[in-house]
Amino acid sequence: MTIIEEVSVPSPRDGDGGPLLEVRDLHVEFHTREGVVKAVNGVNYSVAAGETLAVLGESGSGKSVTAQAIMGILDMPPAKIPQGEIRFRGEDMLRMSGEDRRKIRGRRIAMIFQDALSSLNPVLSVGYQLGEMFRVHHGMSKKDAKAKAIELMDRVKIPAAAARVNDYPHQFSGGMRQRIMIAMALALEPELIIADEPTTALDVTVQAQVMDLLADLQREYNMGLILITHDLGVVADVADKIAVMYAGRIVETAPVHELYKRPAHPYTRGLLDSIPRLDQKGQELYAIKGLPPNLLRIPTGCAFNPRCPKAQDICRTDIPPLLPVTEQDGAELPGRASACHFWKETLHG
Amino acid sequence: MGRYVARRLLQMIPVFLGTTLLIFLMVYALPGDPVRGLFGDKGGSPQVIAQLRHQYGLDQPIWMQYWHYMKNMILHADFGTQIASGRPVTDVLGDAFPVTLRLAALAFIIEMVFGIALGIVAGLRAGRLTDNAILLFTLLLISVPVFVLGYILKVIFAFDLNWLPPNVNDSTNVNELLMPAIVLATASLAYVTRLTRTSIAENLRADYIRTAIAKGLPRRRVVGVHLMRNSLIPVVTYLGTDIGALMGGAVVTEGLFNIQGIGGTIAQSIVRREGTTLVGLVTILVLVYLLANLLVDLLYAVLDPRIRYA
Amino acid sequence: MPDVTKTVPEAAAEDAAVAAAGGTLPEPKPEKTRSLWGDAWQDLRRSWIFIVSAGLILLLLTITFFPGWFTGADPTHGDLAKHFLQKPKMGKFFDPDWLGYDQQGRSVYARVIYGARASIAVGFGTTMAVTLVGGLVGMIAGYFGGLVDSILSRLTDVFFGIPFLLGTMVVLNSFQDRTTWVVIGALSFFGWTQIARVMRGAVITTKQADYVHAAQALGASTPRILFRHILPNTLAPVIVVATISLGVYISAEATLSYLGLGLNGVSWGNDISDGGNQIRVAQWIMLYPSIMLIITVLAFIMLGEAVRNALDPKMR
């Protein structure tokens, strides 16, 4: 196997003192009865303040596990982080004490989960759950915290916030519940928000509203945002750059529009080709053949090789490193990288 | 809420009538006779027996007896007369009920405190050595029959160590009541532990716990507020229904420690075939059980905002 | 609603299993189709609780059916002159003297061996009876609903309302000759309610499944729907409750014997009760049947626990 230092995709806006968050060569594995599940196998990415990184992948690609590792909410055991760094403002959070990490959670890095109904405590009022952020992190009184909760609910455009602050999560609609999740994440104006499939559980019309709200608030507070999704449609409007994950690795990164125009990895191409389009009405929809890999037995070489239409012998033996890609004439393509032995053929072919 | 309570109370009526009828039928339809039992092996003169049978209404058909009994009970709160002593059953009840109540209350506290504590410890360490040890301990508690456990404790703490008295003379003395209360609480304690453990272990993996951790809450707050509030709901409901079971389950324990409560009186009544006393006492137990169930349902709505009774 | 009980590794392992079934991988080991029961069996084989309890139960069944293999002594033969309250002779394994003699000069060891039969017979007999009766009542109430359900549910409430031990005591007190069948009958008379409730709940849940609606739409007969489509999916909770209650019935039989209302004949409950009176002079009369009783009840409750863990993935 070739040993090449993989690139961490630099952020164009990294100016003062580097990126907000930088994940370096992160590995996560789960020790289960069936064996060791290698969920994340050397992920590198970074996010700057005010920037949105979309992490794209099928379920089991390791995108959520990476996010949970950043948040520090993995159950360990069974999870284990054998190597890697997660630098927040330059400091490696994996080397911090539990108490120091707890103080970052919620206050400086917050997370929005997919299913707001199950992610909110069913027996505590939303006002209590929102106010708890202020009470725990700022030592605010119960009364002040409730006033803050109402303010937050107003901010995420929940109608009649003052009247509904004592209601319970099940009394809200799906979209309103997700707004409450967002309000909770925003409560302490964190520097980074990780949104794990924030709109997947919602109706299509509500999805757009919630996504817009999130994007607006992000701009307002100049927060970094990591948006985890499997939905290419959601990504296009809000993300600055995209990282595509497969079998616990990043296989391609690119600024969002370039990725859509010219993918540099066969997997990304397959994903794009499987989006239904109006002009293809009546034709059979493309689908990537085969199934996502068994994480207990990841294929040797490139993990995508059994499903890849371009696979050659080298793909079955050597793992392709994530390397910058260039134009045919050698001109740089800033922010672009691919982990494919045949990226040239894919990008230019 | 009011309508729900009314409906539940209405539903209780057939169950209450059915239960009393069932116990009435069992006592009177099965062979044996309380009046004959009064005279022992020698037997009384046929005239005296016939007269007594008439006096207690035992010569009437069984449905007439049931009708009169229920009529008196509901209209006059008259539960009949204990044949052996000639006292009204309500008097017997008045003596026995507070004793059993004290015993059940002490047992209830023991089962609640130790059951929940052990359950929390096991649930937070689900799958580890502590959890397995507590599991084995609770299974053992469930497996030891009450009377065996009573004997064992008596031999150790009363006879060998002389720490506690072997029998209860004064039911207001907590020291005397402690051993029988432990014996009575054991099986329920094990169930409370199992239930708490399961509930904690299950909720520990819930999404909202992950959210609570992601909010940066200290662990004691995650466990103490978010986990407990949810996990203890089923435990509280179980504890509520168990009040009735504790009072009814005291038959063996009261016999073992010579306690003059409802259980002991019931056991005597069964052996002496005292129908009226037995029916009266069991009726009270059934009432306690039914009301406890209703209270638990209402409590459930208070604890879990998702439950609404219309 | 999404499955909130899954943790990440479980989900990952699940994905992995799905992926493996596809057969597109370098060395796809064809995994067997895994059913609830297949999964449960895989789980059970690895559970120490199951192995210990199953071993104990096998031993107990052997003792029950072939007591002669374990002792040549007659449990009812008493020799007052020679053996009255003779102490156990610890070294003499499996000898009639091994566990001492009772106040009638009968070998405690022989009585412990022959006493197994009463407990096992009552335990299995009662469990089978309550599972049949309770299962049927619960199934009818759950499937037909409406008035039938109301009547059967209230009937269940009536029997459930009477404390279990009290009810059986009243019934057994009327019988002079308490054979195994009488005791099984009395315990079953009040014991069926629990299974009925569990069964009713399981049937109501299963009834709403799409495949049941499909069978109904296709015009399948009611018995066919009940026994082919609904019953198999309600068995898991019923089996768990039945296994655990088997231990509970054995314990109840011994308690009734202690109260003087149990089986006539050789039984652990009777011996424990007799031994209780001699507890200050001859503890061994009570000790050994107690140990056997506790081990037996424990074995069945452990088995039920293991089966529950295996059948309910949420418990893992």
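By letter and in written order, the chains are A, B and C; residue numbering begins at 1 in each of them.
Just so it is clear, a contact is a pair of C-beta atoms (placed from the backbone, for glycine too) under 8 Å apart; a residue touches a chain by one contact, two chains touch by 3 or more.
Since this is a predicted model, take the numbers as computed values, not measurements.
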By Cα centroids, which chain is closest to the centre of the whole protein? C
Which chains touch each other through the most C-beta pairs? B-C
Rounded Å distance between chain A and chain C, as computed from the means of their C-alpha atoms: 50
On a C-alpha centroid basis, what's the spacing between chain B and chain C, in Å? 23
Expressed in whole Å, how far the mean CA point of chain A lies from that of chain B is 55
At which residue positions does chain B touch at least two other chains? 206-207
Residues within chain C bordering two or more other chains: 4, 7
Where chain A touches two or more other chains simultaneously, the residues are 115, 118
Quick check: in the complex, which residue numbers of chain C touch chain B? 4-5, 7, 154-155, 157-159, 161-163, 165-167, 169-171, 173-174, 247, 251, 254-255, 258-260, 272-273, 276, 279-280, 283, 286, 290, 293-294, 297-298, 301-302, 305, 314-315
Of all residues in chain A, which touch chain B in the complex? 71, 73, 102-107, 110-111, 113, 115, 118-125, 132-133, 136-137, 168, 170, 184
Residues on chain B engaged by chain A in the complex (per definition of touch): 206-208, 210-218, 221, 225-226, 229-230, 233, 303-306
Touch list for chain B against partner chain C, complex: 11, 14-16, 18-19, 22-23, 26-27, 30-32, 135, 139-140, 142-148, 151-152, 154-155, 159, 198, 201-202, 205-207, 245, 248-249, 251-252, 255, 266-267, 270-271, 273, 278, 282, 285-286, 289-290
